[in-house]
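Each remark here refers to the structure printed beneath this line.
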Amino acid sequence: MSVIEAIKLKPRDFASDVKPVWCPGCGDYHVLMSVTRALAALGTPPERVAVVSGIGCSSRIPAYTNCYGFHGVHGRSLALGTGLKVARPDLTVLVMSGDGDGFSIGGNHFLHACRRNVDLTYVVMDNRVYGMTKGQPSPTTEPDWDSALAPGGTGLRPFHPLVIALASGANFVARAFSGHPDETARIIVEAVRHPGFSFVEVLSPCVTFRPDQSEWKDLVHAAPVEATDDPARAARRIMTDDGFNIGVLYRGNRPPGTPQAGAAEVDVAELDREFAI
Amino acid sequence: MTAPVSGSPPGRSSAAIASVGELLAHALRMEEEAEERYRLLADQMETHNNPELAGLFRKLAGHEAHHAEEIRAQIGRMELPGLESWDHSWGGPESPEAVDFGAIRYTTTPRQALQLALDAERRAFEFFDRIAAAAGDPELKRWAAEFAAEEDEHVRLVLGELDKHPEPPRHPDDDPDPPVPQD
Amino acid sequence: MTSTGARDSACVAIVGSGGAGALTAGSILLEAAGKAGWYGLMTRSVGPQIRGGEAAAFVRLSTHPVECIADRCDAVIAIDWRKADRFADEFALDSGSLLVGDPRGGDVPEALLRSGAATAEVPMKELAKGIEGGRPNMIALGVAAGLVGLSTELVMAVLEKRIGSKGAGAVAASRAAVEIGLDHAQRIGRPIALAAAEGAGHGRWQITGNEAAGLGAVRGGVRFAAAYPITPATELLEWLTPALAKVGGVLVQAEDELASVNMIIGSSFGGTPSLTATSGPGLALMIEALGLATASEIPIVVVDVMRAGPSTGIPTKSEQSDLNIAVHGCHGDAPHIVVAPLSVSDCVFTTQWAVHLAEAMQAPAIVLSDQFLGQTLAVIDPPAPVAFLAQRRVPDAAALAGYQRYKLAADGVSPMALPGMAAGQYTADGLTHNEKGTPSSRTSDHRDQLDKRRDKLTGFAYGDHWAQIEGDGDLVLLTWGSLTGAAREAAQRLSEAGVATRLVAPRLIAPLQVDRLQEAIAGRRVLVIEQNHSGQLYRYLRSMCDLPGEVRTLYRPGPQPIRPGEICAAAQAWRSQ
């Protein structure tokens, strides 16, 4: 091994000098730490990694990394990340989102990204609330959570992202907890290495609008069984667990979606021929 | 490898640490992580306009960086096992000395911050103390006890700092400004 | 072909329903005419059914290049007359026209007879039955070929190419049917023969505007496309699928237009020139992301094949009513490029130019094609290759030292680092940002970056391609997009009638070249011609330019296209006042 190869990248090599605007105590600080640790462990240099996001607290994360980043419009990060990964399969693409961005306005893209199974990793920081707009219920919010927009609660059944990911064809499904940054980093590393579309839901408490979520650290626990490759079994487990089962829950065997550019077979001028009379 | 049982936190038992090399790797990682967390907390407090707390965290980060330097000197040219951050055997999901990010608010007082630092130093002491007590290898026992003694010293230093920071009259949740909507 | 009294343009419609094959017959007629050395184009009109509906193919043939439909039909050949009255307005018949129908295919609709057109009968179904494997639409094709003066051999040359794989029997059946049709055309005795073509047809192309736009995109360097199907843009995307694969590119089908436009922003961020195509409803969905591409300075090309709106409107009919949304649709101040091809052939050039402009200025470009351009099949001279290619400015080693993605530059274009370039890392952002790309709400950053994005567009050297200007008359026919062909034909007729005209058709809609436009129309009368309900171009020009004192408008919505005669009439009426 050469000297240069031996220099191991450190998490700090993946952090930018832009200071996060998240509230102190926010789980997203931990997630940023997990991402930089995961990327350092993966060893891909920062210029070969792209971090793509939409809008919301969690979506501020690209600028806090030293990778190529894209902070796009609300809900469309998966589409943008898909275009990037298909055009540039040599890159490691992380798409980072939140429960409002990813499951509400971006819900349709979530379904189709799972189904398309392009080789990218989707990390959703779920705090069950819209934070940037001061605390409105999101698709994962409990039905009785009181807020100005939905006094007394929405009365709606929360969206179940992990089961929806399974049903839609995601090839890797995991749940993590922001307060365990090492474990989250390990899961992200595995998600990136797993072929196809990998989905990691990170429970990431909002200290400002959901102070009740401080109890999550006492509720989370390691998944009691190894991940399965049977989506039906995984779905059953996830639907019947307590929502705080942490770990890799499903590792699928679907070949990744490969709409990939091949080598050019002909010169552009050859395309003219079909029009000649 | 035994499957973890429901309800257990992730993380391997510290009983897995069986050599001086592994112990030193853990000791160094513990200080590095502590330094990183205090540094990031200092940044957070600067962003959120709490210069007093930022200064305190910066100071604590400096201490931890110094401790890490000391351990590196002790390691010298010794070959340590290469561990990813999640490969450590902390006996819990996180490094014992890692200050709890989730417990910090921008209104946190220096006394509360010191209390969190104290908790972290105590967990670090307990970690080494536990290994020292259980170690069969006398060399491992000696090193673990030495680290435990150092952490105990840190505990005393933080306690001393706490004495200099009586609880201010303002309640930490007292915030006259409401949250502001952004994006 | 007769030589004396032969016309230089003819229009034949073939109509039928329930899978009669009128459109197939029309396209074979057009290609055979192309082989004969004529130019031409075929438009189509259809009922709302996906299969089995009534359909009309309008084939206009000419001795010289044509870019619009004719004022009137010389002949309508009906395989059957069922629901053909749907097309009565489009046929634009008069007493010189000829209606050829199968007496078993129903009565000639009253609406058509009122024109005073002559009628003739050819029992196509009966005749087809007499041939093993014979089909009535091939007899109709033979009739049409006979009327315009095409030989059996030219028609058969096309047919052999198209159906040769079905075996000798099928070819022989078609030949027999075409010959019977030709024979009946002779018996009708009302030829509408075209003069001999100027120059041989060798090397001519048969192409639709959608295909032409796709070709222009690939010539310009597009290697990634995202697609969501929508009429009348789908064929462009379908053409790109195999074409991109052949040249080392790729197309992804998206879940909706929100996804397709964001996908191309992602691929272009990665360094690949990228495009999507849509129509009005899809463009409406893409608008937010166009603002993102503007703010984050990501080059993309969106082809809008306009159809009648608003809302679902008339998906299969042309209109020029997306000018407002294309130019003004974005929220905030979001300068971007809008171009409009002037003919089927020009779809190649203008789309390629759009790729070049987008890449050179790192901005989104909208190409305003329309259903007429997109779905018209035309026989044209091959469009000459042009030098415009995707050339994006990327940082060199010096620029990467202390790299600032959005550094203020004299021409507003800052080098764009691509993933993989070490030290070029930045975060593209729709939030207002500083030169480095870091989000900022400072007054100076907001102003500086708005200025930068405006200046790079207004200061660009667009060359002479900004508009097509022809003639030097006192009367200006000012139009755009697909109406350019009709306006050109009108200008020619007016000039022949002693009204000196000038045609001005801006290809670059935004940023509008105000000074050059004012220079082109200064001191002249101007007739602004466009196909929409509210005079969108006229109002846009009014908002941007000092128009001369004498300005009139000719605008009306689709679905009936504005034809040369209507433009001539408007010009003559003005003159006679």
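For reference, chains read A, B and C in written order, and residue numbers begin at 1 within each chain.
The rule is short, and it goes like this: a residue touches a chain if its C-beta (ideal position, glycine included) is under 8 Å from a C-beta of that chain, and two chains touch if they have at least 3 such contacts.
For clarity, every value in this text was computed on a predicted model and none was experimentally measured.
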How are the chains arranged in terms of who touches whom: line, ring, star, complete or other? line
Which chain wins if you rank chains by how close their C-alpha centre is to the centre of all protein C-alpha atoms? A
Whole-Å separation of chain centres (CA-atom averages), subunit A against subunit C: 42
Whole-Å distance, C-alpha centre of subunit A to that of subunit B, is 28
Roughly how far is subunit B from subunit C, going centre to centre by Cα mean, in whole Å? 68
Overlap residues in subunit A, where contacts from two or more other chains coincide: none
Please output the residue numbers of subunit C that touch at least 2 other chains, ranges allowed. 431
Subunit B residues touching 2+ other chains are 183
Which residues of subunit C touch subunit A once you look at their complex with the stated criterion? 31, 34-35, 201, 203-207, 211, 215, 218-219, 223-224, 226, 243-252, 254-256, 258-260, 262-272, 274, 288-289, 291-292, 296, 379, 382, 385, 417, 419-431, 437-439
Can you list the subunit B residues touching subunit A in their complex? 3-11, 36, 40-41, 43-48, 84-86, 88, 93-95, 101-106, 108, 179-183
Residue positions on subunit A within touch of subunit B in the complex are 11, 19-25, 27, 29-30, 33, 37, 41, 55-56, 59-60, 132-135, 178-183, 185-186, 189, 205, 207-209, 214, 217, 220-226, 246-247
In their shared complex, at which residues does subunit A touch subunit C? 16, 18, 45-48, 50-52, 62-63, 66-73, 75-76, 78-88, 90-91, 108-109, 111-112, 259-272, 275-277
